[in-house]
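Naming follows writing order (A, B and C), and every chain is counted from residue 1.
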């Protein structure tokens, strides 16, 4: 672990190479980035892009793997758009996406700040807190289903009862199912975000804290003026991930409520699942997914453009 | 210049670390909020309360998972703090179903897959973060777009590619190689490493170049060490992602002997004759390796950077 | 600058190349599956069964195929898949390399047939045709009269009751639906387990929309009340969920949720897994489910704690259970059609059925035999199996439509809604359901 990695200094290199300006060197410089990108590009093209393009193609067909696909043009898209739950699903997807990502970033940030440090016991605590992120979603859903047992004797109900709040139906009522799913989603993602933020915090210059303290800044002030600016990179990652993953929210909804009760938690992915995958209609499923893809691409581009503008301005 | 560059080297400040440890004084500036630095009994109390609340919220439900995994017939209606009818049967049941074969497969796939993934992602990130070329944004967007389609949709097209890889015409189905190679492509790792590498100041790179270091040397000795936290992140998450993979192993496996652990666990779950206890026990077994990796990786980058790394 | 342009160009070329390769290589996944495949009477039969690997039923399946090979000399390769079965099947279809035999749910048959995956059975040339119960043949017959599989397993459902609770409260076995109401109320309000806490309920109901469980549960009650999903002949159906009988049944269950409040909490989002647990752990005392749970409950609860009875007759005067089944499907494109036929014949033979029933042990694949000459108690001693056989005699399968899944989903969602929302109007909801089903019938070409 104590690897001494040192930058080769002029003393070490005996060949005395000078920065190159010859045409051969220039060519090398322009080819180099592509050499570094090559392994990724190859793997991505073969295992990601080719299947993706095929999936997009599938959205225009009635997919029959054995008999051969039949062209149906926009029919699959029509089936998705005209479903009565479609608009509701979009609304729910946005609410859940925004809620889960904002919530988990906020709480992840709080957790990271609280659990930062080198003390031995912090390692253990951080590991324990990280478990939700690595536990299988199916099992997380089972546990929370037990915790959110709708009767007054249920664990969560007992807990909120201590604070004087009445028993809630949680997953079983259209009014509270959305919040319940959100809670589980945030609970599982916050440690994930915490991890990434901790990595960012580790790179913050400690002397700046000392300097800020000398200037009379309290801990919260320090966080605001010293830490946050230095977390730009990490926050950018999180926001990009949020844009990409947010609209795809599926597993927790599927396992906890399957979109119910009465479509209260129906999201795009559960709709795609019902209309497409459960019925073996791959064409419809692809069409729905392409809609999702387009929306996500637009969102990601907007988010990253906004991020770059901000960076330029500051 | 030399003295500054050598300060970037980790572990170089051994003397400082030793001094600090000997003093056993909590440095109030080692973290943003400086919780560690609040002295005396008041600090202990504050820290205790905070940690207790955090653990209750995030580790509490996991404790319930453990309790139920050791209970013979877990109740779905309430939770108990100690197992009702304590038993090892659930774990025995999970282990009974050939779990060691699946574990072995999982370890092989993750072991090789993670190395491949890290190498590929780090190289790509280097190009994307340090080189300015038009089309860079587009490449980044394309890479990110691979994370936007659900894997169920990609399953059949992917399976066709796996059965007959273009140009080299190789059949990857039916062997663990088929589970390892595709895993090398993951947008998340590239995204994270790109961002972390962007943070490395350009001066260091220029310094190295003036000193005569070639492209590879710059990459390996200058940029990479400074992105240790990023490496830690992609190792942990990469491990997790490959470990939990479901669709790819499902498509590649032609026999249950090739299953990885998640596949086996899902089967446990859909087997109605088994009690929920066995499923929970299986889940506990499955999350242990991820935790161990997390512990190790934490050590790696937490220790390294807190010993006075200087930025630029 | 020129270098940058070169890079840009390179990128554009790479992308274009990718498109070209993909579109060229996958132009519509080429049609033409099957045709005439060269036959080889000695080639090994690839058999897929929908059971979890290494599970007791998987072991039984292996015993079965081994016995088949020993008897006929035809080699077999067994693959057990449970989770991801559909995906693997689609994968095989996409690669034009289907297994020879699939043993799968009857409800999946229409779907597979629609996709051209199965070879239809010609009953007139099928040697064991008259060995199979006619009722079972019906469920393997499509609306156009083609038979798409050979029945191998039949299954019915019955009511599991907490015997200890019933005896504690001094109740008799229920014989009418009113008796059921009384028992449910007693279980909920009178502390049948005697622990002084108000933590028990009457009914355990998997009312989730996941995989259409609410509909699956409701079917028996719909039938027993004298109702049905459709009326008319296969191929010209009309939805009848809004008929008084079905509305009455749906209302009856809504009352359990809303008026008597005798349903175990959480039912609205329960699929069968938490429902099994709820019964096991004593959350509810009345659970309508299948024989596969007996082995599990015997172990977790003890065989004396619960009893199995046929559902009492409903308002129609009859007790009609939902019937389900599994079929041996002969897949298209096989190299050994003679072998396929032999396998199917062995599956319905007395010898084959006995192996698959596995006596009273766990790991049974056949619950109620489809062989007309067999009585379930020939191979078993546990008398509770007799209940399921009796229930099967008067049981009803789901309607014969090309794809039952959408209908099941619709019905499940409608039921889930009216049971979750006590103010919901059952009649109106059922009428809306009928409208939706009508549209789907037309889309599938099975409507009147």
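Definition applied: contacts are C-beta pairs under 8 Å (C-beta built on N, C-alpha and C of every residue); 3 or more make two chains touch, one makes a residue touch a chain.
Because the structure is predicted, anything quoted here is derived from the model rather than measured.
Student: Please state whether B-C or A-B has more C-beta contact pairs across its interface.
Tutor: Ranking B-C and A-B by C-beta contacts puts A-B first.
Student: Look at all chain centres (mean of CA atoms) and spot the one farthest from the centre of subunit B.
Tutor: Result for max centroid distance from subunit B is chain C.
Student: CA centre of subunit A versus CA centre of subunit C: separation in Å?
Tutor: Chain centroid spacing, subunit A to subunit C, equals 36 Å.
Student: Between subunit B and subunit C, what is the separation of their C-alpha centroids in Å?
Tutor: 39
Student: Please work out the Cα centroid separation of subunit A and subunit B, and write it as a whole number of Å.
Tutor: Inter-chain centre distance comes to 14 Å.
Student: Provide the list of subunit C residues touching at least two other chains, using ranges where the numbers run on.
Tutor: 7, 21, 26, 90-91, 94, 199, 265-266, 274
Student: Identify all positions of subunit A at which a residue touches two or more other chains, and write them in rising order.
Tutor: 30, 33-34, 41, 49-50, 54, 63, 65, 142, 145, 149, 151, 153-154, 282
Student: Could you list which residues of subunit B touch at least two other chains?
Tutor: 74-78, 133, 139, 152, 156-157, 160, 166, 266, 269, 276
Student: Which part of subunit B faces subunit A closely enough to touch in the complex?
Tutor: 2, 5-6, 8-12, 14, 26, 28-36, 50-51, 54-55, 57-59, 61-62, 64-65, 68, 74-79, 119-121, 123-124, 126-128, 131, 133, 137, 139, 141-150, 152-154, 156-158, 160-161, 165-166, 181-182, 184-185, 188, 190-192, 195-196, 198-199, 204, 207-213, 215, 217, 219, 221-222, 225, 229-230, 232-233, 236-237, 240, 244, 262, 265-266, 269, 276, 279-280, 283, 286-287, 290-291, 294-295, 298-306, 308-311
Student: Applying the document's contact rule, which stretches of subunit B touch subunit C when the two form their complex?
Tutor: 72-78, 96-98, 133-135, 138-139, 152, 155-157, 159-160, 163, 166, 246-247, 250-251, 254-256, 259, 263-264, 266-276
Student: Using the touch definition up top, name the residues of subunit A that touch subunit C in the complex.
Tutor: Listed in rising order, the residues are 26, 29-30, 33-34, 41, 45, 49-50, 53-54, 57, 61, 63-69, 71, 142, 145, 149-151, 153-154, 171-174, 254, 256-263, 274, 278-280, 282.
Student: For the complex, give me every residue of subunit C touching subunit A.
Tutor: The touching residues are 3, 6-7, 10, 14, 18-19, 21-23, 26, 28-33, 86, 90-91, 93-94, 96, 98, 111, 115-117, 197, 199, 208-211, 265-269, 274, 332, 403, 405-406, 409, 413, 416-417, 420-421.
Student: Would you mind writing out the residues of subunit C in touch with subunit B in their complex?
Tutor: Per the stated touch rule, the residues are 4, 7-8, 11, 21, 25-26, 52-57, 79-84, 87-88, 90-91, 94-95, 199, 265-266, 272-274, 276-278, 280-283, 292-293, 295-296, 299-301, 362.
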